[in-house]
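Below you'll find a set of structures to go through.
After this come two complexes, each holding chain A, first together with chain B and then together with chain C.
Up next, the complex of A and B:
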């Protein structure tokens, strides 16, 4: 490597200096906590057992997780939420985005309708939907009674509770997907539709042949973001049923919360968090591999 | 004086003559502002602000009034009341994050009777022995024995009792009288009475009996009370898990029986403690198994539809006079991370005094932790049922005492909840309780 001139060297120093705040911030707020979490996952650290100190226990916590039925149930539940709510939210978001992309004269009511669920704190959404689905006071059962059906114990039966939670999650998260997709829709040149119109293509055909393929990059972005947040599903099931009935709808994030915050078992809780990180990495790597192979985002 | 000094300092600075007047004025203003700020902060220094944490269901309004009185009597002390979640475990989740991070924001914390063991083990409570000094044994001797014992862990005073509690049977006096019934002494009587009233009233919103069924702390007692009533215990004399006994199955049989008779509603599994009170107050409940605070709300709330129609008696048993109940109650603790421990301790002593116990009993029907307050004429005037409440509180049983209590509670309440929801059979719930509790009670 050639020797740098004094000017170049000082420029480089300045460059590093200017990068330093960002690097330090990243180290302190992201890398250090992650490193601490991983270290913790190899230790026994229960705050209510201070006499045990915090011994290094190697892979004991990981072995415990592998034999822990609650870990597997919570992981399976989390996957179920991913499988149902990720496509659900993106499909719903696509519908909303297409609606919002219509040439309405007054655009703001639709846009506001799109933004509101997104702006609402998750736990609020959970509490609102819990009230909707309550047995006696709930709107949903009222509606069922109104049309002559019998009320359903939404929140105290396993499958109805799962359905109710999924509906709440999809409602809450589809608006983010819609915003991403709406941005994508607006980049599609109008000329393509005009040309299709001239060729006599139907609206449905235009959607399949122009809108969907052109929208693929945006759909992928929406899928990735939604998947990452779906793996972390916590607030809505926590507020609606606390994972109930029993623990039948508990997610991995809820199990981590219960282990660390309720039982004060920071060691095992960290292990579960590391395992959730692994699950997250595995799932998102599918998307990443796809986008790397096909940077245009799947235009066939 | 400070303003003058600042001005002088400003004048000494080497400004160009042209700007001098302007800048001096600016500095005068700055100096003036600084003086005000200094004045305010020095006033604040002379005053100590104590921050107390209480739960949304432990009548923060009454706590505020008690704090106002304390502020009036103790110049230089200001009390801020921070209000937390509605259920015991929600409050504890928040407190766990505050205390685990050694945050000094809270000086005094209201904790559930089941928690002192955890606070002792984690070292989050300032032990009060040295503050109590020579008075220690005399002070502790005044409390009801159950509360004295609950707050001393490993020989150390962890907290002082704020108010006592136990579960009672609330009933609709008017409905029982109308249908010629006496308050039930056994679960069978309760079931028959509820069925009779429900049938005669024909009101689809009227529920026969409710107890906590949601996955919350109160649901632990929904399991333990009938088990104790059947002569069982969660652990044996050696502290080993004793869920193999026949008594361990009785709660499941009892609640299944009441459900089959339609005495309990199909959504019992989504009912938390305070919903029982709401349903009772709305006139939609004949019998409720719940805590002392409900009396004051049902009698005093402007929207209560059952004012003067409320009766309170000890819980029924499987046979007459063989009832059990869960002990409850709340303690005041000084945080180990508080920066005002001495002042916090004095406030805790006040909160845990017979005077405050009496005030709470009248304002909130909180059961006193001192035997003599139960017979106070003013207290009895506000709560006639207190005359029979003392023996109930004295014989109420404790949930298991262990630092691992959060896990114990979670196992019991989620299995009970799953059973009440119909998503687990009694056998499966009991087997899972055995599997998950045995590592804790070895």
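Up next, the complex of A and C:
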């Protein structure tokens, strides 16, 4: 390795100095809690049993989770939300991006139409859609009645509740996907379409042969961001049905929350949180394997 | 080309724009209508669309039923402080990674992002313990630090792409003219990255403003609630007073609307330039 010149060495020192605040913040607010979480997941720690001295119980909590039907149902529900809402939100985002990618003379209504759902807290979206799906006064059932269909008990039956929650999630999260995809659309050179036009390619062919392939990197970014947040689904089902009816639509995040904050079982809650991290690591590494093929992303 | 079945391109453009705008605004508009209706009008079937006898009574209930201004103030303080912290820390790290010849910058970046992307819900349990032991539950600080970490990945990526766009020669010229490295950073680079810093700031602010789970967990006292959690307090144990909840939602949505209306170009432009190169 070549020796650094004095200038380079001083730059490197400054570099470490500038990196330090980020590292300290992560150490205190992320790395230490992660370590504490993992230690806790191997211990018995229920706050309502203060006489117990948080004994180390090895893999007991993990064994408990493996035999816990509520854990499996919450995991299955979480995966279902991922499977439905990730492609759903990206597809709807693509639709919105294509609609928004036009030479509008007045830009703000479209821009704000994309930004408002993005900036809206998830809980607000959950509450608004709960109101939409209300049995008697809800807009959806009244619209169904208006066209001669019978109303649906959206929020009190398992499958309709799942559908309603998914619609709310897709509406709320598609706008971020749309913003990312719109950015991607605007990097595609116009000349490609002009050339295709000259060759007599139809709009549909242009979409399949130019837009979609050129948009792949942006679609990928939208998919990975949406997946990371979908695994953590909490706010919208919490606001709409509180995981109900019963616990039928409960997600892993909701189960962790109720185990720790309501039942005060910090040991088992930590174990569930570790398992959730494993789930999200598996799903995201599946995506990252794809990016590795990109030469610039490789190691040197 | 006369294809009678299709509207003209100009009309198509208008329709496309209208779909996007209506999709975005409709839920908020419907809530606005609901908030202006009386309880008895809301009970009527079939439902009405326009409020027949618009009333502001629901809005006065919003302010008397819960301390909504306190919720809002908590949200403003927490979001502002965490944004300042996040942008400062991310900007320093981004600049060091882009410019300062650190060994294996890609590896450092991946490590930073991996830690910061650990699911917030998994961190909820240990953070609760840490904040309780530090006696920080129900304080702004319990939320400020985690929220800064929450937005660090996206802010660092956005800022790195902005720093990459600044020509190295500009700094070198300033340094040849006798500026120190930090001087060049302060006088030359920072003014040029103002748009990037701004964009990162808005992203961090919105993330913090919207967060629910940690706010629910780390601030159990009513007067420490932030807006997203505070809004859920309007529902009774067995009742759901929709006109009042709607009015509360409108009050809470107004600040968001102002922020995105003022900064719309920055946000869209920032996501365009920052999000894609990362």
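Simple rule for what comes next: the second predicted complex is superposed on the first by the 277 of 300 C-alpha atoms of A that agree within 3 Å, B and C clash if a C-alpha of one lies under 4 Å from a C-alpha of the other, contacts with A are read in each partner's own complex, and residues count from 1 in each chain.
Everything below uses one rule, namely that a residue touches a chain if its C-beta (ideal position, glycine included) is under 8 Å from a C-beta of that chain, and two chains touch if they have at least 3 such contacts.
Given the structure is predicted, the values throughout are model-derived calculations rather than measurements.
Engineer: Putting chain B and chain C on the same copy of chain A, do they fit or clash?
Structural biologist: Overlaying the two complexes on chain A (C-alpha atoms) leaves chain C and chain B clashing.
Engineer: Could you say whether A:136 touches chain B, chain C, both of them, or neither, answering first, second, both or neither?
Structural biologist: both
Engineer: Looking at A:248, would you say it contacts chain B, chain C, both, or neither? Reply first, second, both or neither.
Structural biologist: The first partner, chain B, only.
Engineer: Look at A:204 in the shared chain and tell me whether it touches chain B only, chain C only, both, or neither; answer first, second, both or neither.
Structural biologist: A:204 contacts neither chain B nor chain C.
Engineer: Which of the two, chain B or chain C, is in touch with more residues of chain A?
Structural biologist: Counting contacted residues of chain A, the larger count belongs to C.
Engineer: Which partner does A:158 reach: the first (chain B), the second (chain C), both, or neither?
Structural biologist: A:158 contacts chain B only, not chain C.
Engineer: If you stack the two complexes on chain A, which partner ends up touching A:48: first (chain B), second (chain C), both, or neither?
Structural biologist: Touch status of A:48: first partner only.
Engineer: Using the superposition on chain A described above, determine whether A:263 touches chain B (first), chain C (second), both, or neither.
Structural biologist: first
Engineer: With both structures aligned on chain A, tell me which stretch of chain B collides with chain C: 80-88, 188-196 or 242-250.
Structural biologist: 80-88
Engineer: Using the superposition on A, tell me which residues of chain A are in contact with chain B and, in the other complex, with chain C.
Structural biologist: The answer is residues 134, 136, 261 of chain A.
Engineer: Name, in rising order, each residue of chain A that touches chain B in their complex.
Structural biologist: Within the complex, chain A contacts chain B at residues 47-50, 134-136, 153, 155-158, 241-248, 258, 261-264.
Engineer: Any idea which chain A residues touch chain C in the complex?
Structural biologist: For this pair, the touching residues of chain A are 4, 8, 10-12, 14-16, 18-19, 21-23, 25-26, 28-34, 36-37, 40, 96, 99-100, 102-104, 108-125, 127-129, 131-132, 134, 136-137, 139, 142, 145-146, 171, 175, 179-180, 182-184, 186-187, 217-218, 221, 228, 231-232, 234-235, 238-239, 253, 256-257, 260-261, 266, 269-270, 273-274, 276-277, 280, 284, 299-300.
Engineer: Over in the complex, which chain C residues touch chain A? Could you list them?
Structural biologist: 13, 16-17, 19-25, 27-28, 30-31, 34, 42-43, 45-47, 85, 88-90, 92-93, 95-97, 99-103, 106-108, 112, 115-130, 145-146, 148-149, 152, 156, 181-182, 206, 209-213, 216-217, 227-229, 231-232, 242, 245-246, 249, 252-253, 256-257, 259-261, 264-265, 267-268, 271-273, 275-276, 278
Engineer: Along chain B, where are the residues that touch chain A in the complex?
Structural biologist: The contact residues of chain B facing chain A are 89, 92-93, 96-97, 100, 118, 121-123, 205, 214-216, 265-270, 403-404, 406-407, 410, 414-415, 417-424.
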